[in-house]
Amino acid sequence: MMESIILWVLALLSAPFFSALILKVKAFFGGKKGPPLLINYYTLIKLCKKGSVYSTSTTYIFKMGPMISLCASVTVLMFLPIAGHAPIFSFRGDIIFILYLLGLGRFFTIAAAMDTASPFEGMGAAREAYFPIICEASMFMILILFYTLTSELRLAAYFTGCQPLELWLTAGSPMLFIIFSFFIVLLTENSRVPVDDPATHLELTMIHEVMVLDHSGPDFAFIEFGSFCKLFFYSTFVARLIYPFSTYNIVWDIGLFGISLVAVYAAVGVMESVMARYRMDKVPQFVLTSFALAFFAIVITLEFVK
Amino acid sequence: MIHSVDTILSLVLLSVLFAFASNRVTVLIKVIAFQGIIVSLVPLFTSSELTMGSINFILVTLAIRGIIIPLCIYLAIKKVSISKEVEPIIGYHASLFAGLLLIFAATYVSHRFNIPSVSESLLLMPTAITILVAGMFLLMARRNAIAMVLGYIMMENGIYLVGTTFSTRTHHIVEFGILLDVLAGVMIMAIMLQNIKQKFDNVDTLHLRNLKE
Amino acid sequence: MVEIVFLAPFLLGILSFFLPKETGRIFLVLTGAIHLFLSVNLWRKRPEALLPDYFSVTPEGLLSLIVISLLFFLISIYTAAYLEESKLESEKMFIGSMMLFLSTMTMVTLSDHIMVMWIAIEATTLASAPLIFTHRSKASLEATWKYVLICSVGIAMALLGTVLISLAMDVGQVNVPLSFSELSNAAKDLDPMWLKAGFVLILVGYGTKMGLAPMHTWLPDAHSEAPSPASALLSGVLLNCAYLGIFKTNKIMIAAGLNDFSGTILIVFGLMSILAAATFILKQTEYKRLLAYSSIENMGIIAFGTGIGGVGAYGAILCLIHHSLIKSSLFLTSGNILMGYGSRLIEKTGNLAKLMPKTLVAFLGGFAGISGFPPFGIFIGEMFIIVGAFRTGHYVAVVIFILSLCVIFAGFAKHVMKMSFENVEDDTDIQLEERASMIWPQYILLATSIVLFLWIPDTLFKTIIDAVSAVGGGF
Amino acid sequence: MDLFFQSLLIICLGGFSALTLWRKFYLMKVASVLSIGAGCFLGLYDAMSKMIESGQYSAKLSYLNTYSLSFRVDELSAFFLVIIFAVSLLSAFYSFHYMEDSEKSLRTGVNYFFFSLLIASMALVVTADNMIAFMLSWEIMSLSSFFLVIYNYESGENRKAGYLYFVFSHVGAMFILAAFGLMYGHSGSFAFTANLAAIPESMKILIFILAFIGFGSKAGVFPFHIWLPHAHPAAPSHISALMSGIMIKTGIYGILRVYAILGHHSLACSIIVLSVGIVTGILGVVYALGQNDIKKLLAYSSVENIGIILIGIGLGMLGMASSNPVMAVLGFSGGLLHILNHSIFKSLLFMGAGMILHKTGTRSIDLLGGLLKKMKFTGTTFLIGSIAISGLPPFNGFVSEFFIYLGGFKGVGMDKMTFTMSLLSIISLAIIGGLALACFTRVLGIVFQGEPRSEAARNVNEDGISMIVPMLILAFFCLVIGVYPKMFILMAAKAMSSLNLGFSQAPLEPFIEITGNITCAASIFFAIFLVVLALRIFLYRNKTIGSSGTWGCGFTQPTPKMQYTGSSYAASILEFFKPFAPLHENHSAIKGVFPEKTGYNSHISDIAELHLNNAVVRPVLYLFDKLRWIQHGDIHLYIGYILLAIVLLLFFV
């Protein structure tokens, strides 16, 4: 239990670091030096020191938004088996709770965006409401596959210890589909290229970044931190699937898990560097790919593997 | 064996054809009167025993069917001086042909059924059926309202004839009631005829088809 | 002394021709009251008739009689007010015919002899013809013409049918009086073929009068052209009288074990009537015709229920009673609307809710009742008929039945919505004050239906059961 | 007389008193609200105690001398009674300030009369124990709710709504009657308890389908939901709350009751229920997303929730069909709990919509905006309701969906058919959840947030204590059930015990474990929220808080008209569902260098409505139109009919 809590704290603390990796990778591809690896910490601290300016259009929901989305992300991490170690909490169906909790975070992010009466934020909110629908469907598709493989409905049952290996062994190659599917969900849910470009300067084309335009100071820090945690959460899924082993030694596990996480983040970075953003109306197709992959994985598993 | 009643009944059959072919309302009225008289007289031939009551009843029937009813219609026409054309929907030749077919069919049908008739008359049943259906034919095939009323009377005559063929069990008072009903009905129709004439200036039922759906 | 019940209104009717107008109205109500008193008395005592060959007190007859009597009384109250408002030319004729009409209908309910019944039913046609002709317009003339001619022809067929039934006795060598009760007892020995033929002719004949499709053609014309109280009488009780003839003949058929034959025919005619009603209700333009078609529908329902037998026959009798109550109330209401708006067109009427609120209550209540909503009795009647049809396995028939009821409801409701709530184009001024005597008869009729829906007195219940058990009905 | 009937009597008394007192407007309102409220309260108390004691209560009234009207309160009935009385109680109080037009005094009185009848008849529907009693209460319910729907009959739209509703409910009742008829046909008894074992299995399926169509048309199941989005907006809001909150649930009750009576656990029935539920759920929320009328939107959202409930029940039935009791229990209890939940948050939302309508006079969301600043309570409770209806933790909507999910996952491990259906249910639940989130962020965002889009939305206030308090209570329950669902899920489980599922005692342990987990998870969330809140307060201490207009991304003259509209918010999602939700746009083209003022409006159409018109109404009208010639006015042919009838019939002699 104590170890779980420590891991959770570690995860919280390291999430901004990993996100900075993406920037580094992108800088590398751009032939630049890039910001320091601790850039996100600097940003967070800087933001926390500032005060805020609120739009006259906003209400208390605008202030609730960052808090709730942060809460959701942080709470979610408590259910996540970090580095193959048992999470702090786990119960039957916790994965559903997690997905819906993230939904709650999204609800408030959108609500906060709508609060500003800004057409751009409204636009972002509409997109934020749209794309995750498909993501959620493919997440549940993946979940169904995991359930058929393990007969469990706990996140811990899929990602603790050598469980991922079990998944690989029973399902076999379809698990590759799942990795890709997860990866697409990761990109969508965290507003990365090719779904969204966090680095763009044109508000019309943004999703997540445009929704938080009016936030400032500690509020904005909450949002940033929340999104780091969220990215960490999804990356863990992929990381555990590409590194499905466990040494049953916590230090080793943390190390190897860290490496695989770095790989995932690097992949995101590479993705961002080599690809351009999709046109908005192409995005649903891209996200649907993940759904299709998960679906095929199920079909294949059930038809050929069992 | 030719029953005595068959002779006059064959005249009735002929009168049906005559009625079908005629284009004058007055002729039709005469045919109806003739039929009424014959039909009322039939029980005289068929009944096994004749009581005083039944003879009285026959006389009353004769008076109503043969005289009062035709007279009613005749007076109605007279009063309002209606055009005499019956205005057929089905032409006279076709009507005549239909009449022949009808008589044939009626004969065929009544022979098919084994009806224990009280009389041995061969023509009673066919005649009854014939004038019954002929009445309906007039109702359907003549636009003139008077011809339609006459068709109705003819039909009633037919039913009466069917009734006399075998029903001996009803009391005369009941039959008298029926007769009274028919009479009252015809009188009401006669009043209607007058009203139609007043309202529309003739008795063509072409004017009487505004109420629909 | 059964005969007094129809002789009294007959004599009073004759008398009324010689009375001045104003007295005539009071006389009418008085006659209604006397008749109601006599009928109730008859109900309680159930005496023997003076001419037992021709008249007797049968349960089904009693049911019809009491409905007729109650309805006539209420309608006469309405009529008194109606006549005051409408200023008819031929008021004397109207009042006299009403009473004669009552007398003949009473005679129908009390007659047990098949010929006498025929006489009485034909007499109702004759007595009611002047009622339809009251307005003396071209349209009313046409309606009366059609009514008299079609009904006379139809009823002539019934006469032929009765003759054929007596032929069936000859063939089967049965020698009993020509009364329905005796015939039922001896039904087994009657020749089935002639009995069937007789039944068919009687069904078509009385069916014409009852308004079964395709012989219903006179009905909408007559109902729409007659003054509303007369329409209420026609629809509320005259149709019942014709049904009584069919019902009693059907009794013979069932006693003879031919219920499959008669049942099927009744079901077919019932369905045809409902479909015909559906056809014309959907796009109807006049509300009185709408109500008339709804009567055809309900007669179809009743015929259907009778054909089903069992609990369906029970349902049919309930429908019969409640239809009389509700439909006559609706026709009286339509009289108010007609006088208020001065038009029979649905198009020209509207927004009753604001213009004639008291009438609206009666109108909507009647509509709910006639469409089979509780707390009105047709609801339970239709329910029994439907479940009864399922019980006897008439699946196809009941499916058609249900679907056409739905279509009728959709059509009917549309017109009712239009009339009740939609605005009329120009500012119509209502030419009628909603006085109590033109509202309360409807309310009482509807209230009676509600009461009878909730609770049937034992004596009434026993009578109904006596009536339906003879046609294989029950529960 | 039992307390149950006494309470109904008191409720009806309230209605009658409104009819008699209508000349004194306030006295009437006080009298009828108090009486109806008191009746509901008594009824609620009674239903609660029956629920707890789980003693079955039955009453039999002799009817028409030989029949009886029997009523029985078993656990399922008690469960529904609790919901009915609770929501009715609140909406009765809500109506006190909502019905404020003293010029329409008589109409208000009539409204209260039918309101009381509606409550009483709903209570009777869920307790009826034979066909006669059931149909009787059912039809009275339809009739009284019809009159409530056309309360504002001046508007043509409302009249159309009332008409549609009337026709649908009557046709639905006919289907139910047909189902009952089939049952009666085999058992010869009107009682629900009659022995139906003799009915062949295929006939049972037919009965179930007929009943499902009949009840489904009341519940608003696709494609029989067409009346619902018309009728619910037309009624006054407390009535909408009642109708959407509970009346449509009586349809679900009927389905459950017939299921229990038939005791028929076939795969076919469950597949029907599930697939219909899936379609209803998804299309319901898609149409909701496309609406611009806030009450219409809520009505469609009711369709969606009926879909969710059906998915739950369908999973339960699937569990029974594949003899998986745990799945059955999870599915049924989830579905039942969702009935309770939906009635809570949907009444809450309708009351909120009613408040908006009452104060602004418009239902069009694109004319509203920024209401949260003026209407604190309404806005906050509406926010809570929105979260709850989107099925998000820690509110009640999540709990029931969670159970349904668990039930669905139980079915994943089963045979192929069960697997497929479960998979479809889970995925569609996920999609419905996402769409509902989009839908309600849209309402919330457009109506309550941002800047007012019209004058009507600018000058609003919030008063009427009797309207606010019910909303607060409902919002409170949204949260309570979301955090402490144990008692409520046990209630649902208890209700399930009268479903005739074959096992005497439903396994309750998993419930207690699951509810414990939900409570625990919610507590964690709240704990973290408190920590973050503390952190936020800490970070903001002694900070300067500025205030300025929203940053317009460089645009310096923003107006409220520039805000994102409801239509644009939903446009891209609706594009995805285009075949099922065809969009109709209406705008004049911009011409010339100096174009004139132009406008744009759009709406999506309901394919069920389109097809009903094209595939049912038109052919029927056409067919009957063709038959009209038979009555052409010519007497000769009329006489011909008589002859024809005779001749034809004589052939059969």
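Here are some notes:
We call the chains A, B, C and D, going by the order they appear; numbering starts again at 1 in every chain.
Here is the rule we go by: a contact is a pair of C-beta atoms (placed from the backbone, for glycine too) under 8 Å apart; a residue touches a chain by one contact, two chains touch by 3 or more.
Bear in mind that the values here come from a model prediction, so they are computed numbers and not experimental data.
When every chain is reduced to the mean of its C-alpha atoms, the one closest to the centre of the whole protein set is D.
Chain centres here are Cα means. That of chain A falls 36 Å from that of chain D. Measuring from the averaged C-alpha position of chain A to that of chain C gives a distance of 77 Å.
Centre-to-centre, using mean CA coordinates, chain B is 69 Å away from chain D. Per-chain CA centroids place chain B at a distance of 31 Å from chain C.
Residue positions of chain B touching 2 or more other chains, listed in rising order: 136, 139, 148, 205, 208-211, 213.
Counting only residues that touch two or more partner chains, chain A has none.
Counting partner chains per residue, chain D has residues 628, 631, 635, 639 touching two or more of them. Every pair of chains meeting the contact definition is listed here: A-D, B-C, B-D, C-D. Across the complex, chain B is touched by residues 628, 631-637, 639-640, 643 of chain D. Here chain D touches chain A in the complex through residues 369-370, 372-373, 379, 383, 386-387, 390-393, 398, 401-402, 405-406, 409, 412-413, 419, 423, 426-427, 429-431, 433-435, 437-438, 441-442, 444-446, 448-451, 513-514, 517-518, 520-521, 524-525, 528-529, 532-533, 536, 539-540, 543-553, 558, 560, 562-564, 568-573, 575-576, going by the rule given at the top.
Those residues of chain B that touch chain C in the shared complex are 115-116, 132, 136, 139, 145, 148-149, 152, 155-156, 159, 162-163, 166-167, 169-171, 174-175, 177-178, 180-181, 184-185, 188-189, 192, 195-196, 199-200, 205, 207-211, 213.
Listed in rising order, the residues of chain C touching chain B in the complex are 53-54, 113, 115-116, 118-119, 122-123, 125-126, 129, 133, 136, 138-139, 141-146, 148-149, 152-153, 156, 159-160, 163, 166-167, 169-171, 175, 177-178, 220-221, 224-225, 280, 283-285, 289.
Residue ranges on chain D touching chain C, taken from their complex, read 63-67, 106, 131-132, 135-136, 139-140, 142-143, 150, 153-154, 156, 159, 162-163, 166-167, 170-171, 174-175, 177-178, 180-182, 184-185, 188, 190, 620-621, 624-625, 627-628, 630-631, 635, 638-639, 641-642, 644-646, 649-650, 652-653.
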